[in-house]
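Look at the two complexes coming up: subunit A is in both, with subunit B in one and subunit C in the other.
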Partner chain A sequence: MFVKRTLPMLVAFGVGFAFALQYYLPFSFSEDALSATSKWYSIIASFALLLGIVSVIQSHARKIQTQSVGWGYSLVLFFAFASMVMMGAFSAGNAETPPGVKGPIYGTSYGWLYNNAMIPLQTTMFATLAFYVASAAFRAFRAKTFGAFLLLFFAVVMLFGKASLGVTLWDESIGTIHASLQLDRIIEWLMGTLNMSARRAILIGVALGMIATSLKIIFGIERTYLGGKGE
Partner chain B sequence: MAGWALWLMAATLQQAEPPKELEAFDARNDDGESIALWWAKMPYEADGVEYVIFASFTEGGPTLEAARLGSKKGYASDRKIPWWAGSRSPNHHYLEVDTDALAAALVDLEWPEARAVKDEIAALEGSLSHTTGEKEKVEAELAELEKIKPPSAVADEIATLKERLRWLDAHRPIWTERKRELDEKLQTRIDSLSDGVLYYQVAVVQGTQELTRSGWVSAAESDNLFNFNRIHSFGLAIVFCAIIVAFIQVGKRRELFLRKIPGLAAVDEAIGRAVEMGKPVYFLPGRHDINEINTIAAVTILGEVAKKCAQLGAQLKVPHTYVLVYAVSQEITKQAYTEAGRPDAYRDDINFFITEDQFAYTAAVDGMFVREKPAAIIYMGYFYAESLILAETGAGIGAIQVAGTDADHQLPFFVTACDYTLIGEELYAAGAYLSKDPTLVGTLRGQDVGKLFVMAGVAGMTFLSFWFTVFGYTSAIKFVLDLVTPY
Partner chain C sequence: MNASEFFLNLDRRWIFLVIGLVVLLPIVRPFDLPGIKPTDQSKNYFDTMNAVPEGTKILISADFDPGSKPELYPMLEATLRHAFKKKLRIVVMTLWLTGIGMVEKAIKDNVAYAKDHFGVEPQEGKDYVFIGWKTGGSAVVIGMGVNILEMFSQDNYGKPLAEHPIMAGVKSLKDFKIVVSLSAGTPGFKEWVQYGVQKNNLTFVGGCTGIIIPEAYPYLQAGQMKGVLGGMKGAAEYEKLLNIPGTATGGMVALSLAQFMIILLVAACNIIYIASGRWRKP
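Up next is the complex of A and B:
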């Protein structure tokens, strides 16, 4: 119980308290301690990656073994995983051909696989976001209530403001009435005043929530992260 | 008229007095590597007139130019400090000098060998840096040559490269040791010359002509224990901590009212629905690592969700993007099942790691959503661009979705695509709300009182700033604004 509960709580209290104070302590030992602990975190995280690899292999091996829905994708994963590991080892982890070494101008086989398989797949996934935005907007912008109407109205104004055709049409019509009705000024006011004030309200709440959560951890009131309260 | 002014300026410069009120002292609130110089504004300050700061190891010893400042620049009023941390007089100059760099330069004047030692250190640094790159290159070339069959065709080249590697491996430790010795020798000499104290003079210069020079002042830098520029934020943190601790005590003594948060009340409903439909519940703990407080809040909620899943017999699945979060979540989930009295229902595959890559993770989780059609999906923690891709897929398969995030940019996406959304601070309240633990509920009330305190502060500052502006009290506005400005 001491090793599993009390000791981690003491460590959390000591380290949490020390590093909360660190922000106010300018001397060199305090600065050095902060940079040293950041390095420790990176070292721990890199060792922990092995744990992740074991988890990936176990969960996909189980899917293949039980032939659960989509088990074929697990085979693809093993193939892709093995290919990247082999190519990485073969290329000594270099994506680019080292200077002075004879080799293809497009880099190592590992680099080729990364640039021609991984990056296009990532880009494709990111590109689907545009379609999801369109479908979400279609659902959200229905003027069923007054609030929803306001949302729709300002969304249309913003859409106009972000498209050059919209800016031209607006500024040549409504914008001619008065300089303050130019679309860029309206957008600036919407984003800088209305939107920013709401965001700041959220962010103040978030900051207080973060402080409260940190205090709960430092004082051992919140112990879920240790695997439960331990009563 | 212009001629008269020029004549007057020339006459003033001819009789230029040395800078008055000159002082040197340790620069406050820094990490102890600088000293500050302070002197009064003088009547001859004009374009083309400069202050040159000279430094020496001893009073009257050989000097070196430490800094140069236009005479109409560097006033104390330009300092970025709050009013309580030092003077911001517009009638004085203030300049900070890095003493370590200065002492390293001054040693050349007092120790004839210094230049040679520094040159050797620079050469050794160059060699070490160059050979690091060369070693990597030689190793890569060697690896390429060793692939060639038969090896005898390139035996000579391989032998040459191996010899070069051996030479590099033999010499690098020697150079490293030599550099360490020289660094130590240089530092010992600097310490013996300065004893931490350096001497300064301020000269007034126009073009190449030195008009006057002050007497000597001296100072030594020292570590500062506390950054007084930040004492206002320290005070606020103490007040806020006191409020939280006070309400924890109140929470222990009597039951505190908690307003209903529909998003959290819906968690029970979502899990119940999943049990009825015989479909899984997905919990996504965000895309930040365990060192972020929003992830800790998310895994705290996971504990409560896991407990409810265990009690109701729902199938829980938690895909992870960071290994440390995965490891912590495994412990939390196991303990939650035990606390719910269902340790038998716990499986090791509830939590599983996918990848750290953003879109690979998104694609994998989207695929699971589409194939398994979960009845409920809970998103808690920090999310990036994947928020809408995931939430729209979840909405498309008809899952009941509850999201909670402090990522303000992603909130509109979750509000649009999810059934319930916890906005900002509600994410941090969720653990306490779900557990109903009186101590944790006390912290929530403390949080609310803290927010009230901030709101009152914002309103008060706005009111004061408005009236000070109306009545033209500019220094009073600075006084008020410093109280809320981060330094």
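Up next is the complex of A and C:
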């Protein structure tokens, strides 16, 4: 009971209290403690990376073993994973030849794979969003109600503002009526006033929630991180 | 099915085809569109970078992965070009593991660009250094606020960081005149502002993808960020201010056309929707 519940709660209380206090202590030992714990955090986070890799391998190995739907993609994953790891190890993790070292002008073998496979694949995945956004905008932006009309109106204004052609066309037409109707001023007002007021409210709410949760953990009121039912 | 019903229930594959053609057009037959007009935020980013004297040390954190390359890589290139042109001394890093290769390439290409176009020869270790990546996100920023050499003992290529002349006199983030974060999400500019800027009283500018630019506004209004480049448009505006056209300037043509096509589709859809009398029906 002591090892499973009381000790972790004492550690959470001690560390939580010490590092809440640390922020207000301008002494070298306080800075050293922060530096040391930042390094501990980095070490723990790198284990999370390892855990992720093990989890991916286990999950896809199971798919191949049971030959479940799409198991061929899991084979591709293993092939791609092994290729990147092997090339990465062979090139000491560098995509380019280190400065001052003579090597091929196109970079290392890992760099070749990174530049010609990983980058195009990831950018393609991201670029397909443009097609789905266009399709979704076509279906969603219909002035069925007053609220929908407002959403449509501001979305179109923002779209104008995010394209250089839109800015030029707007400023050469509507923008000539009055300086305050220039598109960048309207966008700035939308972003800096309407968007900001909502965003600030969310930020303050999140911050207060984080403080409340942290205090509950420090004082042992919130115990779900220990496992079980939190009793 | 009449014409209005056909259009209002248009198969999305037609929309995909139209967007695809519009994006392809400037790639197949390149052409220019009316000028790019820098916003105040882009000007602030440029002015902050431009105001520091030759030899000043700055830190650039390229916090993005290949998915955000079209928007953020041009910002990184333009920032490096600006810094090399002004003979600033640059420490480059990333908080994103998958960003390392892009940063390496950007540095290599732009050192060569600086030699060809500005007549300067930036020396590795003296004028710039790439310190690589460290896991931990916000913890890395906190650690760097105390002691950089404890967080990054080696550069990206395994050489002890303390041996680089550029690191002489650099203990923590406070020793950089400007900190820049080009960010695609978490960790990114939010972590820099929350854990680095406020505590260490840094001059901070950032760049981010178009989709997360609203998140930057609270920090801009509070003065914690001096300027921000938003998406490909922000990158193109920075290139214009620098007077060095890059990939963002070229990409803006395709982006503008695609966005205009979306506006046209939405407008046509609403005109037909209203004209067909559907909006009156409950």
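Definition applied: the second predicted complex is superposed on the first by the 208 of 231 C-alpha atoms of A that agree within 3 Å, B and C clash if a C-alpha of one lies under 4 Å from a C-alpha of the other, contacts with A are read in each partner's own complex, and residues count from 1 in each chain.
Throughout what follows, contacts are C-beta pairs under 8 Å (C-beta built on N, C-alpha and C of every residue); 3 or more make two chains touch, one makes a residue touch a chain.
Quick caveat: nothing in here was measured; it's all calculated off a predicted structure.
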| task | Answer with first, second, both or neither: which of subunit B and subunit C does A:Y41 touch in the superposed model? | result | both
| said: Is A:A89 touching anything from subunit B or subunit C once the two structures are fitted on A? First, second, both or neither. | reply: neither
| Of the two partner chains, subunit B (first) and subunit C (second), which one does A:V11 touch, if any: first, second, both, or neither? | neither
| query | What is the contact status of A:V167 with respect to subunit B (first) and subunit C (second): first, second, both, or neither? | reply | second
| field | First, second, both or neither for A:F126, with subunit B first and subunit C second | value | both
| request: Check the residue A:S135 against both partner chains and state whether it touches subunit B (first), subunit C (second), both, or neither. | output: both
| task | Answer with first, second, both or neither: which of subunit B and subunit C does A:L203 touch in the superposed model? | result | both
| field | Touching partner for A:A117 - first (subunit B), second (subunit C), both, neither | value | neither
| task | Could you say whether A:R62 touches subunit B, subunit C, both of them, or neither, answering first, second, both or neither? | result | first
| message | Under the contact rule defined above, give the subunit A residues that sit at the interface with subunit B and also at the interface with subunit C. | response | 23, 31, 41, 45, 49, 92, 94, 98-100, 121-122, 125-126, 133, 135, 137, 199, 203
| field | Residues of subunit C defined as touching subunit A within the complex | value | 10, 12, 15-16, 18-20, 23, 33-37, 39-40, 65-70, 97-98, 100-102, 104-105, 108, 124-125, 134-137, 139-140, 142-143, 146-147, 150-151, 156-158, 199, 210, 213-215, 217-218, 220-221, 231, 233, 236, 252, 255-263, 265-267, 269-270, 273-274, 279
| Footprint of subunit B on subunit A - complex, ascending | 20, 23-29, 31, 41, 44-45, 48-49, 51-52, 55-56, 58-59, 62, 69-70, 73, 92, 94, 98-103, 121-122, 125-126, 128-129, 132-133, 135-137, 139-140, 199, 202-206, 208-217, 219, 221-222, 224-229
| request: Please give the residue numbers of subunit A that touch subunit C in the complex, ascending. | output: 23, 31-32, 34-35, 37-39, 41-42, 45-46, 49, 92-96, 98-100, 107, 110-111, 114-115, 118-119, 121-123, 125-127, 130-131, 133-135, 137-138, 141-144, 152, 155-156, 159-160, 162-169, 171, 184, 187-188, 191-192, 195-196, 199-200, 203
| remark: Touching subunit A in the complex, subunit B uses residues 29-33, 136-137, 140-141, 143-144, 223-227, 230-231, 234, 237, 240-241, 244-245, 248, 289, 291, 293-294, 296-297, 299-300, 303, 320, 323-324, 326-328, 331-332, 334-336, 338-339, 348-349, 351-355, 357-360, 362-363, 367-368, 371-372, 385, 388-389, 392-393, 395, 406, 408, 411, 413, 416-417, 423-425, 427-429, 431, 437, 439-440, 443-444, 446-447, 450-451, 454
